[in-house]
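Here come two complexes built around subunit A, the first alongside subunit B, the second alongside subunit C.
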Partner chain A sequence: MSIPRSVYRKRIRRAQELMRENEVDAMLILSLENYRYFTGDVRKQPRMLIPSENEPTPIVFESEREEVERRTGLQAKTYRSLPEMLSAVISFLNSLEKDTPVVAVEMEFSTPAFLIERFRMANPHVEVVDAKQIVSPLRKIKDRYEIELMKKAGKLADIAMERAADLLKPGISERDVALEVEYYVRKKGAERLSFPMFVNSGERSLWLHGMATDKIIEKGDVVLIDIGPVYQGYCADITRTFVVGSAGSEQKRAHEAYLRMQERVIERIEEKKNEITVLELERENSEFMKAMGYNGLYVRGFVHGIGLGFEETPFPTIFPEDLRETISKGMTLSVGHSVLSIKGAGGFRIEDTIHVGDRVAHLTNFDRKLLEVG
Partner chain B sequence: MAEAEMEFTVPVSADEVKSRIRDMGFVGRCFKFVGDVSRDGRIWRVKAPMSAITQTKELETRVLSQDPIEWEAEGKHLLWRGVFEVEESEEGTKIKVRLSVEGLGSMAPIINPMAGMQIEGQLRYFAKKLREELSRT
Partner chain C sequence: MSIPRSVYRKRIRRAQELMRENEVDAMLILSLENYRYFTGDVRKQPRMLIPSENEPTPIVFESEREEVERRTGLQAKTYRSLPEMLSAVISFLNSLEKDTPVVAVEMEFSTPAFLIERFRMANPHVEVVDAKQIVSPLRKIKDRYEIELMKKAGKLADIAMERAADLLKPGISERDVALEVEYYVRKKGAERLSFPMFVNSGERSLWLHGMATDKIIEKGDVVLIDIGPVYQGYCADITRTFVVGSAGSEQKRAHEAYLRMQERVIERIEEKKNEITVLELERENSEFMKAMGYNGLYVRGFVHGIGLGFEETPFPTIFPEDLRETISKGMTLSVGHSVLSIKGAGGFRIEDTIHVGDRVAHLTNFDRKLLEVG
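And now, the complex of A and B:
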């Protein structure tokens, strides 16, 4: 799908308005997510400067200039060496006619700390602030183009989970499941997975985070599979819980409780969008889990934003201040991020990607029941 | 060698300015890359990441001339030089600051291209801090 250039220009203009409101003189883009959001172009290690007035300047390797300018409609500065690249950034900053220019820099997963530290060293006269205040208000509300791309990512997530369900049987390793699923979903159109797939089996289903190891999946294992395919930069996130063999009553009860919690959250979002905060949802979840007898076994952090980033604003497990975010129309969310971890029974999650429109639309739809396989 | 210069005026007397900027401890504390100075101001301890990048943890300072005030701060792979020209003006005291920096020894080819780009920012911070500190006296 082609997004008109006017959409990118509008995003840049809105960012510049926010920069001026926040007294930020310029923003340095270092992440692919934001570079893509503002230009539609895809570069390995992108660099772009957006001043609070005037046109942004991508900074690219000399041989890429023609393509970048054609794809973005922006005039690029070029480099052939690291000093030339730094020089392009520094000369721009020195051109800002202020004693202490304020520059917003992304301080996220995708921005290595060493880059920020060296940026500060090289530009001691610059006040560095977090670009979240500029970027998050824009990116957390998706436009129709973004929703279309996320729908496609959601379909790929369903396809990937279907493939995982086919593969799960006693004797296969977690790593082989992950390998096969990733190959399959990329052949079907995913550009990549946004995070290494979780295939957490047996005791490892209790874990908060996951991966896929050489562990062989055995009869009786609970297996928690979490997949995040990316379509044209946009992520979907899906998690399902499987039992290899027949599920026990405690496993069925725990899974049912989690499913009910997810359904309740989605209902609440539908009823109270533009009013309810992430914190209120979390409180209700805690009360619900307590009433179900799972107090202390459920990990907080049920909801997070998703889009170009597989976890983005609101993202309360990393940025507690995001608990105060109101769930608003236009957001795309992952619901079911955290695990209900019960020793002896297993770990349980059902995670889906949703779009908060007039109604809540599921972008992932794979069967939500506790799946018995093998 | 990378050089940059800047001129500004502070609302204090030339004698006061001179007495402050002859103190290498005071000068060192106006640089962002200096983490700490020795009690007598002779040694400037370089902050990370600059200390790691230049492989220079300390700079030893000396005043080379009193009028204009010229100084240098030299470490294993880094040499900073500064000149302060001080002149009475209607608004107080006009100060012209000239800074230069160069890499030394085996690190010179690595440090010098970077120093050329960064000296203006270093000077802008230094001049701002110097102006603030002197105006406070």
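And now, the complex of A and C:
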């Protein structure tokens, strides 16, 4: 799908309005996510400066100028060495004609710490502020082009989980499940996975995070599989819990509680959108889990935003201030981020990607029951 | 291969010596690379504190404690929520009993900027310094266990390039070459690729960075392929340049110049190890390229360190102070990082991973000639 250039121009103009409201003179774009959001172009280690007035300036390696200008419709500054790149940034900042320009810089999950440190060292007269205040209000509400891409990512997540379910059998390694599923979903059109797949089996299903190791899947294992395929930059996220063999009653009860919690959250989002905050949802969840007898076995952080970032605003497990975010129409969310971790029984999660419209639309739809395989 | 626990203990003791020499009270480990280097354990989003005296403390999710303690031989602190994790860090720092503890924190390529910002906000009484001064002197000189793993990574790089050479034909997309090669090399034992493969074809061979897109490989394209397989955490890096069809005389000349430059650098490293700096090598290269008539077409930054990090100390394109590093016995280096970018002819690179012993050993060995395919 090709997004018209006017859409990117509109995003830039809205960012510039927010920059002026927040007295920010310029924004330095360092992440592919934001570069892609504002230009549609895809480039490794992109650099772009957006002033609060006038056109943005991509800063690119000399040999890439022609293509960047053709793809973005913007005029680029070029460099042939690191010092030239730095001086392009500095001369742009000087052109703002401010004694202490205020520059918004991304401090996201994917922004390398050293870049910010180096930027500060090279530009001691600049006041650095977090670009989140400019970018998040835009990115957290998806436009119709973004929803289309998210839907396609969701479909890829479903077929990836289907493939994983087919592969899960005693004797296969976690790593081989992950490799075969990744190959399959990329072959079907995923650009990449937004994070290395989790195939957490046995004791490892209890983990907060995950990965796929050489461990062999055994009969009796609970296996928690989390997959995040990316379609044209947009991420979907799906998690399902499997039992290799037959599920026991404690496992069934835990899974059922988790599913009920997920369904409740989605109902509440549908009823209370534009009114309820992430914190209120989280509190209701904690109460629910307590009532189910799972106090202390469930980590807060059930919902997070998803889009160009596989975790983006609202993202309360990393940015506690996001607990105050109101769940709003237009958001795309991952619901089911936290694990219910019960020693002896296993770890349980059901995670889906949803779009908050007038109704809630599920973008991932693979069977939500506790899946017995092998 | 299993590395004895005594090796990890020795690495920790040496880091603690450097901490005391540099008046650092504790080091906060946030990256998998350093966590793996000091413990041998593999974990997503690891957190560990190393005091300048006494044993390190991993900070882990409650359900992972048992496994972490078994794998590291260290006693862990546990958490069940983000606030608990933060308070575990803070109580550790308080236990140092310093008014202004000096804490070394990683500010590497892979350290997310927000983590450092949050750590500073949560610990305003702490003096944060860069952990590079503690970690780099250790990690840049490889021990025999590391060399063995690097050799295996190098072999995987060679077979991956062989597979790429087999696949390159007019009509295949850059993306499909990348997908098939990645699947193959992971099947053969690579844990992952350290960065998404470059399959830069046609005009894109001129680029500084790279990726693999939907572009179809065409007859006449120069194709630059860069692959970084990882074996048990250790990275190798190989780049080769292909012509789809027959190479022209300008292409042959450029490739020959690049190869000569690479050979010269390796000879100089063998002769002058423990004496020559990265800057001196880079200067000689620039002179050589100027003499060849390629002034301004070649970006500095020919050599970088490689190991657990796919780019690590010395890493002069990102950390200019690394230009002062002396090329030393025990280093593993990638030689051939920069592209010779000639409009009309194409981009040319030959990159190999080497070990600086008494002699230089090539860890990657795939054919270095300009490869005509299709």
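Keep in mind that, in the parts below, the second predicted complex is superposed on the first by the 374 of 374 C-alpha atoms of A that agree within 3 Å, B and C clash if a C-alpha of one lies under 4 Å from a C-alpha of the other, contacts with A are read in each partner's own complex, and residues count from 1 in each chain.
The working rule: contacts are C-beta pairs under 8 Å (C-beta built on N, C-alpha and C of every residue); 3 or more make two chains touch, one makes a residue touch a chain.
Keep in mind that what you see is a predicted model, and the values were worked out from it rather than measured.
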item	value
Touched partner set for A:Arg71, first subunit B, second subunit C, both or neither	neither
Subunit A: partner with more touched residues, subunit B or subunit C	C
First (subunit B), second (subunit C), both or neither touched by A:Pro320	second
Partner chain in contact with A:Arg5 - subunit B first, subunit C second, else both or neither	neither
Touched partner set for A:Trp207, first subunit B, second subunit C, both or neither	second
First (subunit B), second (subunit C), both or neither touched by A:Gly347	second
Partner chain in contact with A:Phe114 - subunit B first, subunit C second, else both or neither	both
Touched partner set for A:His362, first subunit B, second subunit C, both or neither	neither
Which superposed partner A:Asn123 touches (first subunit B, second subunit C, both, neither)	first
Residues of subunit A at both interfaces, subunit B in one complex, subunit C in the other	114, 117
Subunit B partner contacts - residues on subunit A that touch it in the complex	83, 86-87, 90-91, 93-94, 99-100, 114, 117-118, 121-126
In the complex, subunit C residues that touch subunit A	42-45, 61-64, 67, 80-82, 106-117, 130, 179, 183, 186-187, 192, 196, 203, 206-211, 213, 296, 299-301, 317-320, 341, 343, 347
Subunit A-facing residues of subunit B, complex	31-33, 48-50, 53, 113-114, 117-118, 120-122, 124-125, 128
